[in-house]
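Before I ask anything, here is the structure I am working with.
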Amino acid sequence: MVLKDSEREMVAYHEAGHAIINLQKKLLPPLYRVSIIPRGQALGATTLLPTEDQNLQSRNFFLEELVVLMGGRAAEKVFYGNTSNGAAGDLDMARKIAYNMVHQWGMGEKLYYQPEEHDAEIEINRLLEQADQQALAIIEAQKKSTQKLAEALLARETLSREEILEMFQKAAMAEGEFDIELSSFPV
Amino acid sequence: MVLKDSEREMVAYHEAGHAIINLQKKLLPPLYRVSIIPRGQALGATTLLPTEDQNLQSRNFFLEELVVLMGGRAAEKVFYGNTSNGAAGDLDMARKIAYNMVHQWGMGEKLYYQPEEHDAEIEINRLLEQADQQALAIIEAQKKSTQKLAEALLARETLSREEILEMFQKAAMAEGEFDIELSSFPV
Amino acid sequence: MVLKDSEREMVAYHEAGHAIINLQKKLLPPLYRVSIIPRGQALGATTLLPTEDQNLQSRNFFLEELVVLMGGRAAEKVFYGNTSNGAAGDLDMARKIAYNMVHQWGMGEKLYYQPEEHDAEIEINRLLEQADQQALAIIEAQKKSTQKLAEALLARETLSREEILEMFQKAAMAEGEFDIELSSFPV
Amino acid sequence: MVLKDSEREMVAYHEAGHAIINLQKKLLPPLYRVSIIPRGQALGATTLLPTEDQNLQSRNFFLEELVVLMGGRAAEKVFYGNTSNGAAGDLDMARKIAYNMVHQWGMGEKLYYQPEEHDAEIEINRLLEQADQQALAIIEAQKKSTQKLAEALLARETLSREEILEMFQKAAMAEGEFDIELSSFPV
Amino acid sequence: MVLKDSEREMVAYHEAGHAIINLQKKLLPPLYRVSIIPRGQALGATTLLPTEDQNLQSRNFFLEELVVLMGGRAAEKVFYGNTSNGAAGDLDMARKIAYNMVHQWGMGEKLYYQPEEHDAEIEINRLLEQADQQALAIIEAQKKSTQKLAEALLARETLSREEILEMFQKAAMAEGEFDIELSSFPV
Amino acid sequence: MVLKDSEREMVAYHEAGHAIINLQKKLLPPLYRVSIIPRGQALGATTLLPTEDQNLQSRNFFLEELVVLMGGRAAEKVFYGNTSNGAAGDLDMARKIAYNMVHQWGMGEKLYYQPEEHDAEIEINRLLEQADQQALAIIEAQKKSTQKLAEALLARETLSREEILEMFQKAAMAEGEFDIELSSFPV
């Protein structure tokens, strides 16, 4: 699969969006690598650090996961004022998580007997909407970081966790005005 | 398949409608050829310039695509005060795009969990209606161009991109009052 | 299949109803023959003039077709104050046309995404009801013509287009008060 | 199948109910025989005179048919204050006729596109209810005739059309006060 | 299947509930035997006197049958203030009878065309609720008889019709204050 | 299956929640063993004393069972302010019991004919919600006992009924202020 330049740029911003939000979220596994080299169906990838097998996950964990999934869309909106069909896979995964939170794991505001119960759908939609809005707020607050990361991805294609952290630390020291909250970074 | 004269004329206006709207839309691939020679099931065809493979498309791209799809119907309405069953294929494709925009690509005003959610249907219908109205407005504003293109199609059956552009440029110079906005043409 | 006399009479009025309405409608192919000789499942037949193959049809064409389909029922109502189960096939075809007008061909007042959308059903029913009422109005206004045609069918079983036109022209000259508008006849 | 005496009596009243109503209805084929000898699934039978094949039936014909079908239930209500499960077959046939009247034959107050349309169901139910009430009114008005016919059936098991008519004519002469309207009898 | 003592006692009261209500109902076949010896799936059984085959049953017959079916639950409520899952089979049979009364046999307040019609469901539920309440009222009014019968069942496991009637007649004579209405007993 | 320490701790609190509620409930079989050794799909287990086969269960029995099933979730909420996806199996079983109570065993406030009846769903949800709230109230009232049991589980992995009872009795004597109501313990 060969991407046009304009597509490659959009992928870089999309992946940067996922990565920047992951860096702000403490329950999720830490960021491992971000790449805009297409592989299979995927035009890019944000990979999290492999951790020991996890058997139990809390409601808050899944809420963070939803926000990270919306991070690609959020970056597209902030930098292009528009979203692309590249978020279809993110949305699909987010829908499944929100469905399971409400129907399988009892993490909605109420317990529902019937999967098709109207109130439950409203809860699922609210989970999706809230994650979407939270992602947008984070990317807007950290527009500079996101752009810096996207530009680095366009230049180097793949960045490791260490390279990303180093880049932001240098930037913070050099500029004294960087918008990412470094203290929140998992080390 | 042999078309009657009255049918051939309606096909010419129908295809001219698609073409005139494509000429106004900047995100879509540029017009390549318009023809009223029947081929297979199709009574005519408006073909866009083959471009490099495109993997990512924006919401605005699809909005333009919807308007072009409605362009055939719009020309029928403007010139015949009536629509024909020749728009069935255009409507079918438009419905699929609008469905995917809302349900697969997160391009509706909200994110929807359930494909059959009532609000989502209303959004899909609104996308279709808005494209239909925008197409009608464009064709009404450029009635002269559309008629000129339809008549050229009836005379010559197939027109290339170059022939169409040349025809409109000559007309603009000769008449000084042509209604198409030439600056908007992709060259 | 052998019809009783009372059935044969009702078939004559039913077919006369179709024929009289066809004679008033200009977009449809002209009337070719009317017959009350049963053939296969059909107890009678109103046949239109074979024309060249038609690939495109307008909304107005289908509206006329719906009214002609209701013409048999209308004649039964006007002459018997009652309808019979002989209109089942007419109604079935009318339902299919109205469905396609609204859902396949974009000829409803709005474009509908979902075939089962409630408003669309209302439009389909309105198309059927309006055709039914228009058919009734025509047959009531031309009761004499319809009766004359039905009686001729009972006497001669089959009437060609020429015989029907001649009959009405003679009647118009002889009586000076015939209710059919001859100027609207296709020649 | 062996019927208990109490069952045999109820069957006699049930069949008498069908027969008495048939005798009042002029569009239906005339009564041919009434019997309370069980045959197959049926505990009794009211048979109409075989007529020539009928291809067309009017709305009024079906309305009469519905009332006769309700006649068995009506006789049970009038004479036992109660209905039995012996009317299941009658109800089943009545439901099918009412469904076809509304959905296949256009005999409802409106034409319906969708078989499951709510208003159509209400029409079907109203057809059934009206037939039920009309049957009850007839049997109550002719309670004496119905009882006389039921008693004759219990005594003789099967009555031909001639025997039934003779019985009622004698009764009318002898008593001068019989409640059946003889003039309405088909001869 | 081995029952615990507490279960065996509850079965005795449950079967006594069915039996006491059957003794009050005149249209049903008379009681033949009551037993708390488990057989197959059943933990106990109330058997009615085998009668000649019955082909026709009235609405009142089915109403009585519903009340008897609710008798087991009613006894559990009166003596334990609670119901058990032992009534699942009774409820299942009651639902089927109520469904058929309304949909197959025309024994509801109205005739219904569509099995899923909302009003019909309400009627079915009302039949079930009324039977449930009537059963409760009977068992509460005859609490002493029910308890006496349950205790006899616990002592002797199976009681024949004769033993039950004899037991109640002796009790009535000895105590002069027994609450069952003996005159209503089928002999 | 290897659990991380944080997961193992959460499993200990989850199982302690089930156990503490079981200790308060008198109709259920008594507690037999609590363990946080993963086995198959289960991360831990609260096992009840094997009793003789039970064929009949009361409504109150099932209500208690629902509360115990919610006990794991309740402990997670009280100690983590959050629930995990480890309650999926508990919720699934609770939904099945509540469904059967209302639809199979007639233990709802009303009898329902149609499994999909809206009021019935509301009853099922209410059963689930009430059990959830009762479980939360019990765990909050006995937070100390629950914590003590969870800590013992983390230290010893499996506790028998005797060990649990001994632990609480010692605690009650030593501290004179323990919050569990010992008199309610089955011995």
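Order of writing sets the chain letters: A, B, C, D, E and F. Residues in each chain are counted from 1.
Note that a residue touches a chain if its C-beta (ideal position, glycine included) is under 8 Å from a C-beta of that chain, and two chains touch if they have at least 3 such contacts.
These numbers were taken from a predicted model, which means no experiment stands behind them.
*Asks:* Touching chain E and chain F alike: which chains?
*Replies:* none
*Asks:* Could you name all chains that are in contact with chain B and with chain E at the same time?
*Replies:* Expected: no chain.
*Asks:* Using mean Cα positions as chain centres, tell me which chain lies farthest from chain A.
*Replies:* D
*Asks:* Chain A and chain F are the same sequence; what rotation (0 to 180°, nearest 5) superposes their CA atoms?
*Replies:* Rotation angle, to the nearest 5: 60 degrees.
*Asks:* Under the over-half criterion for shared residue numbers, do copies chain D and chain E use the same patch or different patches to meet?
*Replies:* The interface is built from different residue numbers on each side, given that under half of them are used by both copies.
*Asks:* Using C-alpha centroids, which chain lies at the maximum separation from chain E?
*Replies:* Centroid comparison gives B as the farthest chain from chain E.
*Asks:* Could you work out how far the Cα centre of chain A sits from that of chain D, in whole Å?
*Replies:* The answer is 74 Å.
*Asks:* Would you mind pulling out the distance in Å between where the CA atoms of chain C average out and where those of chain D do?
*Replies:* The mean C-alpha positions of chain C and chain D differ by 37 Å.
*Asks:* From the C-alpha centre of chain B to that of chain F, how far is it in Å?
*Replies:* Whole-Å distance between the two chain centres: 64.
*Asks:* Which chain F residues reach two or more other chains?
*Replies:* Chain F, residues with two or more chain partners: not present.
*Asks:* With chains as vertices and touches as edges, which is it: line, ring, star, complete or other?
*Replies:* ring
*Asks:* Can you list the residues on chain C that touch chain D in the complex?
*Replies:* Residues 1-4, 7, 10-11, 43, 73, 80, 82-88, 91-92, 95, 98-99, 121, 124-125, 128-129, 132.
*Asks:* Please output the residues of chain D touching chain C within their complex, sorted ascending.
*Replies:* Contact set of chain D toward chain C: 52-60, 62, 100, 104-107, 110-114, 117.
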